[in-house]
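First chain A sits with chain B, and in the next complex the same chain sits with chain C.
Here is the complex of A and B:
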């Protein structure tokens, strides 16, 4: 049983996703219960898999019993189990939030579980074509979830997301095609050897790299290719935006790291400096442009969305620098950002339900009206800026150290500048929350939306996110060791 | 401007007709779908003749997934197209009544269960997920039968999703705004 855990991580959510359509013939609101039971099972499997990898090292699984270079291989190493654990934990958090916040439709939870299946699949796969399949499952489920919001805006956002996301996935598939033409294999471990044999200066290999990275960059939402992301985050339901902002881009960034280190390897980056500098360049532009656009927003959720563009620039810059320190920093920031951004989106949902405030102006004076939510928001925002005990600081610190070590000074400059910009837009919100006169009076909000209530589960979710944003700092040595076990092997190869 | 008005009128008419049709299933079909469905003997006869062949062709494609070009995805889409053809010939509402929603849900979810069941069954017999060879001990040519069964289940899922999407789109967007405020 224990060796099948890795495949069950993907199969279980798919199995769960098939339950609500049948159940809804008889019962109205069983989706949440089914999703929760399935996700709890997923979490148990993830924990068991994490323990196996922690004690016995990398787990490999040949699906269908077909041996590795020919069949589909699933691989779990230190980086994988970190992401699998993140997917499980965030899913449970979002379910706790959605219990009361909705939506309550059974079909929503089918899509939710399909998204969990797609994300788990992307995380554990060791095959570049299989990664494409799970990329598509993730994408399709995410488009559907974005569209589940009320009104036309979420439908338009979903359509935009669909078109741009499909282009990104197609670019990735095209790149995989070039890699297959160059090497004749799709297995990641096999590709890393064969690509080196073909030669890193081969046009096929270079084109494959460009297309694969461009495709995944669309999914991560780096600056020029981010245009789907603010609408998708800002115009969807709060449960959905918390879930998607925390996981979808995160797992795509993980996939990019996987492609960089497991498929093309650091040797490729060494051999083709142009590729590395192009990636660092895109990341730097993304950091600056994302922060700049975030400062210019008046809608809080849109601001958070642009902030993600900037933060993922940081993560990808860390991966592209590819020294051990920078990779640890990027991974820590990847996980930390997921917790912080998911929490921030959830807490904006709470503030909106309580007070009706959605804009920076509307947040004025809300510190007194919704003390817990405002406190959590401020704490998470400070963590995002990178105030020391929080996880946001550790990630940035390692990335800066890595950049200084590698002598990549532009990243250092850009990172410090973006931290100031991040401080600028979050400080503006903090000032509004606590030191400004309310622009929305409590009388007017009782009428809006029929005074939506906020459950304990929602509050607990965001408080846990805030606690984790600080407490995860204690887990950094563990993350360090996990990556030491696996990724550094790849880097040293 | 005029086209815009026309579009809005058509939308209004649909909105008015939708709830009526839902409330009284015995209402006249002609009133429920104004101007969309034309009863044509030629189309109905053609569809009646062609449908069995297309459904057979769909199964043919599905069964060919194992060793020749074909498979569940292509076959499923063809099978789904049969229902769409019926809907164009006999009207969407009557087709919807003829094909129960439960059948569609059962096909979609059942397909997933069959697929996953075959995969997990191999694990139960001591192999890897989807290791068809494990079934050889139980009966002959099990690898082929298992692959065909997987193709059929994929076909069922694809057909059900295609039909479901078609009916959802055909129903318009009035029903989509039944947000539950709780």
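Here is the complex of A and C:
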């Protein structure tokens, strides 16, 4: 049993996803209960796996007993379990939010669990083709979730997401084809050895790198490949946008780090400086363009979506610099961003339900009407800007230190400039919330006030997110210790 | 030399052509159904690429018998079998979304949708 933990992380949510449609034959609203039970099981497995990795080191598992490199291998190291724990925790948080916020359809929770399965699979897999399959499972579930919104607008957003996401995943698959042509293997550990044997200057290897990175960059939503993301986040339900904004791009960025360090390795980045600087360049452009576009938005959820484009630029820049400090910083920021952005999307949902406000102008004077939600929003926004002692500060700080260490000054400059821009768009909202006269009066939103109540569970969820955004800073030494060994191994390879 | 490449590598030309046509259709066509078709053509190009990789001159089907080698690699075929399943699921979801968009807005034209949004 204990040695099968890692595969159960994927199998359990898939089995759970099959239950709600079957239960629909007799019962209406059991989806939430099934999803919660399954996710709790997932969290228990994740905790047990984390304990195993913590005490015994990296876990390797041959699926079906077929030994690597011929069979599919699942691998859990410090970095993996951090992400698995994040997937579990955020899923539980979203469930707590969705209990009242809905949707309540059984099929919604099937897709929810499929997404959990896909994300878990992406984190634990040690095989590049297997990663493609999980990438597509994640994608399919995410498209379905985005489309579950009430209006047809969400269907348009989902279709756009689907077409662009599929092209991204297909580019990744094409890159895997080139790597397979060069080496004849799909196992990540095996690939890292054989790619070096083929030679990093081989056209096949370089093309594979370009296509794989381009494909994953679409999924991470770096500028200019982010165009699916604002619509998908802004036109979906609040439960959905909190869920996918916290996890889907995050796990894709993790997959990109895996490919960089476990497949191509730091030696490749050293041998082909063009590849590294191209990645750093894209990341820097993404940081600036994302912040700039966020400042220009009037819709709050769109602003948050563009802010993600910028923050993921930061994370990818940290990974591309590839010094231990920068990689730890990027990982901390990856986790911190998931908590903060998920919380921000959830709290915009609460504010919209309470007051009907969705735009920067509409937020005027809401600090008095919804004090708790406005407080949480402000706290998370400040954490995102990087005000100490919030987690957003620690991640950025490490990335800056790593960049200074490596002498990558453009990243330092861009990062500091982007912090100012982040402050610009969040300060504008803070000013509206607390110092402006209300533009929406309670009378004009009476209809929404009556129909859409806010439960204690929803409030507790966002408050927990806000507390975590600060408390995680205290956990940074533990995270550091957890991933230090892994990062060291990955970078020393 | 050039002629030789043309006659022996025509599969790769087909791959490049399919990838190009597919990507162009996705980007250029305003019609949502045609975008989905373009997506499929693009994926088909990748399928053909993998299958071509597996081939070797004089290779036999990968059923191990005495003195039958060399074999054609079976691995890319298996991968593409999986990728085809993924492609079919994606197309199904995409078409379901197209149906929903059409029943709501009565159009499949991206530009018209854009205008509807701004009105």
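Heads up, the rule we're going with is that the second predicted complex is superposed on the first by the 490 of 493 C-alpha atoms of A that agree within 3 Å, B and C clash if a C-alpha of one lies under 4 Å from a C-alpha of the other, contacts with A are read in each partner's own complex, and residues count from 1 in each chain.
The definition used in the following text is that contacts are C-beta pairs under 8 Å (C-beta built on N, C-alpha and C of every residue); 3 or more make two chains touch, one makes a residue touch a chain.
Fair warning: this is a prediction, and the values are worked out from it, not measured in the lab.
For the composite obtained by superposing both complexes on chain A, the positions of chain B and chain C are free of clash and fit together. After overlaying the two complexes on the shared chain, residue contacts for A:150 are found with chain B alone; chain C is out of touch. Residue contacts after overlaying the shared chain place A:336 against neither chain B nor chain C.
Judged by the touch definition given at the top, the superposed model places A:166 against chain C, while chain B stays out of reach. In the superposition on chain A, A:126 makes contact with neither chain B nor chain C. When the two complexes are overlaid on their common chain A, residue A:292 makes contact with neither chain B nor chain C. Once chain A of one complex is fitted onto chain A of the other, the partner contacts of A:215 are absent, as it touches neither chain B nor chain C. Once both structures are fitted on chain A, no C-alpha atom of chain B lies closer than 5 Å to one of chain C. Every residue of chain B that touches chain A in the complex is listed here, in rising order: 101-102, 105-106, 108-109, 112-113, 116, 119-120, 123, 127-133, 177, 179-182. Interface residues of chain A facing chain B in the complex, by the touch rule stated above, are 4, 7, 11, 14-15, 17-19, 21-22, 24-25, 61-65, 102-105, 150, 449-450, 452. Taken in their complex, chain A has these residues touching chain C: 129, 132-133, 136, 139-140, 143-144, 147, 151-153, 155-156, 158-159, 162-163, 166-167, 170, 173-174, 177, 180-181, 184, 186.
For chain C in complex with chain A, the touching residues are 19, 23, 26, 32, 35-36, 39, 42-43, 46, 49-50, 53, 73, 75-76, 79, 82-83, 86, 89-90, 93-94, 97-98, 100-101, 103-105, 113, 117.
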